[in-house]
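Look for chain A in each of the two complexes below; its partner is chain B in the first and chain C in the second.
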Partner chain A sequence: MDRNPKPTSILESLGEEIIRIVAPVSICMLLVVLLVTVLDANSSSDSSSLTTIATIAYNEDTSDSIWDKLKGALLNSLVFVAVVTVVTFVLVLLFYLRCTRFLKLYMGFSAFVVLGFMGGEIALFLIRDFSFPIDCITFLLVLFNFTVVGVMAVFMSKMAILVTQGYLVVIAILVAYWFTLLPEWTTWVLLVAMALYDLAAVLLPGGPLRLLVELAMSRDEDIPALVYEARPVTNHDSSPRPVMVERRVWKERMSLASGMGVSSTSGSNSDFNTNSVFDSNSMSATLSSATNGQNETRLVITGDHLLSEGASQLSAPLISRPLQRTNSTRVGQEEVSTENFHLEGIGLGSSGAIKLGLGDFIFYSVLVGRAAMYDFMTVYACYLAIIAGLGITLMLLAFHQKALPALPVSVLLGVLFYFLTRFLLEVFVVQCSLHLLMF
Partner chain B sequence: MTVAAGLGYALAALGPSLSLFVAVISKKPFLILTVLSSTLLWLVSLIALSGLWRAFLPLKSTAWWPYGLLIITSVGFQEGLRILFWKVYKRLEDILDAFADRMSKPRLFLTDKMQIALAGGLGHGLAHAVFFCLSLLTPAFGPATFYVDKCPQIPFFLISAIISLGFVTIHTYSMVIAFNGYAEGKRIDQIFVPVIHLVAGMVTLINLASGGCIIGIPLLYFLAVLTLLYCGKLVWRRLTESRSRQ
Partner chain C sequence: MERARSAQDEAEGRHFGESAGLIMRPSNNPAPLWPTIDGPLGLSEEESLSYARSFFKFGFCLLPWLWAVNCFYFWPVLRHSSSFRGIRRYVVGSAIGFIVFTVLLSSWALTFAIGGERLFGPIWGDLVMYNVADKLGLTSWN
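This part shows the complex of A and B:
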C-alpha cells in the first residue's frame, strides 16, 4: 500500500453513513411537500369522499365542534392501530409457518398496486392541473412499463442499487401523499398513535415486531419486506480484499471504542494494518458510535473466524431490528390492503449498510406534508425536528445496543415543533419581519 | 409575483450560502451534520424567544423602545447560546481527536477546525434566512406583490431578502471569529462578535422610521463587510502563523 503524500484528515469521511440515510429521507420529504403544494387547489373537494380504514369510524366535518373532532380522530386512530396490530400478528404467523414465498409475492403485488394505481392517479391529477398533452395509450404504456420495472426492482435484488433505491423512495412518496389527504385532526392523532404503537410493538416483550425480529434472527434469514438500504461505505485507501460479511452481525456485541465515550475493550483492535485472521469462538461485531460512527475498523465475523480488515473499513454502525407495519389505503373504488411495506426502525443490512424501513419514510413525509398544508415555516421546523429525531435515534441505538424503533422520537418531536411553530413562532417572526426588524 | 420572482428572492437571500455549501460543505459529511445541528439550535433559540415574548405580542405601540428591548433580549440570548455551542464543540473536538488517534490518522488540522466553525455559522445564517425570509416568501410565488408602509420604494420580499443576505454574512463569519477568539483566548475577538450582532440588530430599528430603510440597509451592509474583512484578516494571520511554524 503506497502512502499518500498528504495524510487525509478524519473529517473527510466522517458521518457519511448518516448522510446516506438523511439524503433520501430529505428528498422524499421535499417531493411530498412539492406534490402537496402543487396539487393543493383541488384537494378540498376530494377529502370528504376519501373513505379508508383510517376514516371508517368518523368522517371529519369542518362544522363539528373541537371536542367532536378530537373524539372522532381518536376513534379513527384506534381503529387503524387495531387493524395494523392484527395484520402484523398475521404476518408474524405467516413468517413462522415459513410462507416466505407468499410474502414476497404479496410484496410485489403491493408494489404493483401502489405504483400502478396510486401513481397513475397522482399522474392524472398532475396532467389535469398542468394541461399536459398526452394521450391515453401513451400514458398507459408508460405507466405500465414504469410499474413493471418498479416491481422487478423491489422483487429482485440484482438490480442496480440506485434504481431500487429510487423506486422505494417513489413508493414512499405515493403512499405518503395519499395519507396527507386524510382530514387534519385524524392525521395528527394517527401519527402520534402510530408512534406510540411502534414504541410498544418493539419494546414490549409480546410485541409483534419484536417477535418477528427474533424469529428472523434465530433462523438467520432476512425478513421479506420493503426496506431502504443505503450503500455501504468503503474506505478508498484500502486494497480491495474480498470481505466475507456475515449476515447476522448483531448476535453478540463487543462494543469497540466508539466516539461517544464508550470505553474501548477489544484487544484485536490494536493493529489496524495487518490482515490477520483470528480464531474466535463467539460471534461478535463492532459498533461505532452513531455520530462519528464511520470508518471504524470493523471486525467481520464469518462463522468461527474473525477477520480483521485493517484498511478496508466497512462501517456498520447500527444495530437494531427492522420492524413491520401494514398499511391500508383506498385505491379507486376498492379497498386494497397493502402489507409488508414498512419495516421500521434502523437495521443492519447483509452487506453492512444501514437499512431504514419504508414506514419511517412514509410517516415522516406525512408529517411534513401535513405541515405544508398550513404554511412553509412549519415545514422547515418539522423537517429539522425529524432530522434531529433521526440523529437522536441513531445515537440511542449506539448506546443501548438493542432494538429501537425509529418512529417515536422523530414524530413526537415533529408534532411538538409543529404546534410550537404554529402558535408561538409564527406570530413572533411575522411581527418582526413586517417591521423589518431582524436579528 | 411569479415563480420566477419567488425563486429570485429566495436566491437573493441564499445564493452565496448555497454556493458556499456546494463548494465547501457538501464534500464533507460531518460538516453537513454540523450545519443541520446549528440550524436546529438557532430554531430552538427562536422558539424559546417567541415563547417568552408571546404574551406581549402583537406590540401595538409605535414607540421604538419595546422593539429595542425585543432585539436586545433576543441578541443576548443567542450570544449566550453561542458560548454553549462553543463548549459543546470543545468536547466534540476532544472526542474527534481521540477517535483520530485510535484510527492512526492525524488530528484535526487548523483548517478543519475553521471549517467546522464556518459550517456552524452557516447553519445559523441559514436558519435566519429560512425563518425570516423564505418562510414569508410563499405569496411571492403567486400573482401579486406586497409593500410595507415604512419603506414603499421596494417590495417587501426584496427588502427582507436583502436584509437576510446581510445577516447571513454576519452570522457565518462571526462564528469563525468567535471560535477563534475562544480558542486563542483573545478578548477582542470574543467581544467583537456580540457587539457586531447587537449593533446590527439595533441598526434594523432604523427601519421603523418612515423611509428609514434607505439608511438602515446600507449601514447593515457596512457591518457585514466589516465582519467579512475582519474574519479574512484573522484567518490569514492564523494560516500564515501555522505555516511558518511548520
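This part shows the complex of A and C:
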C-alpha cells in the first residue's frame, strides 16, 4: 500500500487538535455543572458568606434594590480587576527581574492550596450531603495522596501527559466552583469585566499581558504559569527513526493563577519552544515558540489563571502564530493573573499541541456553572455559545498571528445567550410546553 | 493518537511510537522502543530510570497513588517483561506496593463503612468524617 505522500491535511490535524482542546473544556464545564447542581441546596441560602477580594466592596443581599445590586456588582468587579491588574504588573516585574524560582514556588504553593484545601472542602461537602461513611484516616490519606501527586504533576514537566492534564482540569474545576459561590450580580459583571480586561491587557500596547509576552519572547523563555496542553498530533511524515518529540508544554510552575494557554509543541529536535506554562498565581502565559523551519505553524493560546486565594487575575491573551512552515518566530503570551489564576490565551501549534490557559477554563466553567444555578436550558445555550466563541477565537488566531485574548468572544457570547435564554427563550418554551405545542 | 499507528505500520512495517508508546518491531519478539506511555513525547530511557526510581522511593511516604501513577506512566515496561531491566524493577515494585497498600486501606475502609456503629461502638461517630468536619467547623465557610 502506498503511503500517502501528502502530509496530513490541515483539516484532519486541525480538527483533531481542536477536539483535543474542546474535550477537556467540555469535561471541566460538565463537572462544574454537576457539582453546582449536586451541592446547590447549601449555597442558595446564604450568599453573603464568602468574603473574598471579589466581594470586598459590597456584599450582595437579596433585599437590596436592583440599582443597589448593580452598583455593588460594578464596584466589586472594579476592585477585582484592579487587583488583578496590579498583580499582573507585579508578575511582569518579577519576571523582568528573573525571579523565576520564586514564581515556580508560588505556582506550586497555589496548586497545593487549591487541591488540598479547596478540594478537601468540596469533598467534605459531598461527604456530608451523601452521608458517605468514610473515616477521617482514610479521607486524610486519600486527600494527601491526591494533593501531593497533583503538585508533582503540575510542577514537573515530565509527568505522564494524561495525569498532568487531568490535574489541571481538576484545579480548574475547583477554582471555578469556588467562583460560582459569589453573589449572582457580582459574578455576571465580573465575567464581563474580566473579558474586557483580557481584551485590554493583551491588545493595548501598555497592557501587562502584552508586556509579559513580549518580554518572554525577547528572552526566549517560558512564562511560569498554569497552562493546559493538549497532546500533540504527530505528523505522519516525520523522520523514520524515532525522534524524541520535544514538548515544551508547560512549565512546572504553578501559581494560583490558572491560565489557559494553548500552545503547540513543535516536533523538531532543535528548539522546542512551544508554549510555556504559566504559573497559577499571577501569570499565565503561553509562549509559543517557533522552531526553526521544522515546525509548522503554531498557535498558542494562553489563558489566565485564577488565583484561588485572593484576587484573581485573569488575563488571557491568545497568541496565534502564523501558519508558516519556515517561520521560526516565537510567540509568547503571558498573562499575569493575580493571585490565583492566570488567564491564558490560546495558542495552536502546527506541530502539535494546543495550549490553553487555565484561566480560560475557569471562567468558562464559572459562566456555565452560574447558568446551571438557574436552569439547565441556560446551561445548554451557554455551553454552545462558549464553544462557538472558542472556535471563533481559534479562527481569529489563525488569521491574525499575534497574541489574542481567549476570554472576550466566548464570555460575551455566553453572557448574551444566558440573558436571551433566560428572559426570552424560556418564556417561549414554557408556554409551548404548557399548551402542548412543542417538547 | 493511535490512529496514525496502524496506517503507518502497514505502510512501512514499522511502528513509530505514537500515543500508546508501544512500538512493535515486526520481528518475532516485540519490544517497545519507548518506556513511557507517552511514546516519543515521554522520557528517554535514561531519564526514565531516574524518574522511576524517584517515584518508587517517594511512594514510601504513604503515597500509593504515586506508585499507581508510576505504573501507569511506565506501562510499556510492565507489559513487556523482557525489556528495560533497570526500570522494570522499580515499576514492578511500585505495582506490588500499590496493590498491597490498596488492599490494606480498602479493607480498613470497608470494615469501617460496613461495620459501622455495630462493630465499633460509639467511637464510630468520632471517627467518621462528616462528624469530624462538623466538630471542627471545616465546612463553615459556605
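We adopt the following convention: the second predicted complex is superposed on the first by the 310 of 439 C-alpha atoms of A that agree within 3 Å, B and C clash if a C-alpha of one lies under 4 Å from a C-alpha of the other, contacts with A are read in each partner's own complex, and residues count from 1 in each chain.
Please note the rule applied: a contact is a pair of C-beta atoms (placed from the backbone, for glycine too) under 8 Å apart; a residue touches a chain by one contact, two chains touch by 3 or more.
Note that the structure is a prediction, hence the values are computed from the model and not measured.
Chemist: In the overlaid three-chain picture, which partner chain does A:I66 touch, first (chain B) or second (chain C), both, or neither?
Modeler: After superposing on A, A:I66 lies clear of both chain B and chain C.
Chemist: Just to be sure I read the superposition right, which of the two partners does A:S13 touch: chain B = first, chain C = second, or both, or neither?
Modeler: first
Chemist: Scan A:A160 for contacts with chain B and chain C and give back first, second, both or neither.
Modeler: second
Chemist: Please indicate which partner A:L420 is in contact with in the superposed arrangement: first for chain B, second for chain C, both, or neither.
Modeler: So A:L420 only meets chain B here.
Chemist: Which partner does A:M377 reach: the first (chain B), the second (chain C), both, or neither?
Modeler: A:M377: touches chain B, not chain C.
Chemist: Please indicate which partner A:L97 is in contact with in the superposed arrangement: first for chain B, second for chain C, both, or neither.
Modeler: After superposition on chain A, A:L97 lies in contact with neither partner.
Chemist: Tell me which partner A:A388 touches in the superposition: chain B (first), chain C (second), both or neither.
Modeler: first
Chemist: So in the complex, which bits of chain A are touching chain B?
Modeler: It is residues 7-16, 18-19, 22, 257, 259-261, 264, 269, 272-273, 291-292, 295-297, 375-377, 380-381, 384-385, 387-388, 391, 417, 420-421, 424-425, 427-439 of chain A that touch chain B.
Chemist: Could you pull out which chain B residues touch chain A in their complex?
Modeler: Counting only chain B, the residues touching chain A are 28-33, 36-37, 39-40, 43, 46-47, 49-51, 53-54, 57-59, 67, 70-71, 74-75, 78, 95-96, 98-100, 102-106, 108-109, 112, 115-116, 128, 130-138, 148, 150-151, 156, 159-160, 163-164, 167, 197, 200-201, 204-205, 207-208, 213, 216.
Chemist: Which residues of chain A touch chain C once you look at their complex with the stated criterion?
Modeler: 1-3, 42-43, 46, 49-50, 120-121, 124-125, 127-128, 131-139, 141, 144-146, 148-149, 152-153, 158-163, 181, 231-232, 234, 236, 238, 240, 242-245, 247, 265
Chemist: Which residues, counting only chain C, touch chain A once they are in their complex?
Modeler: It is residues 1, 4, 7-8, 10-12, 14, 16-19, 23, 33-34, 36-38, 40-44, 47, 51, 62-66, 69, 72-73, 105, 108-109, 112-113, 116, 127-130, 132-134, 138-139, 141-142 of chain C that touch chain A.
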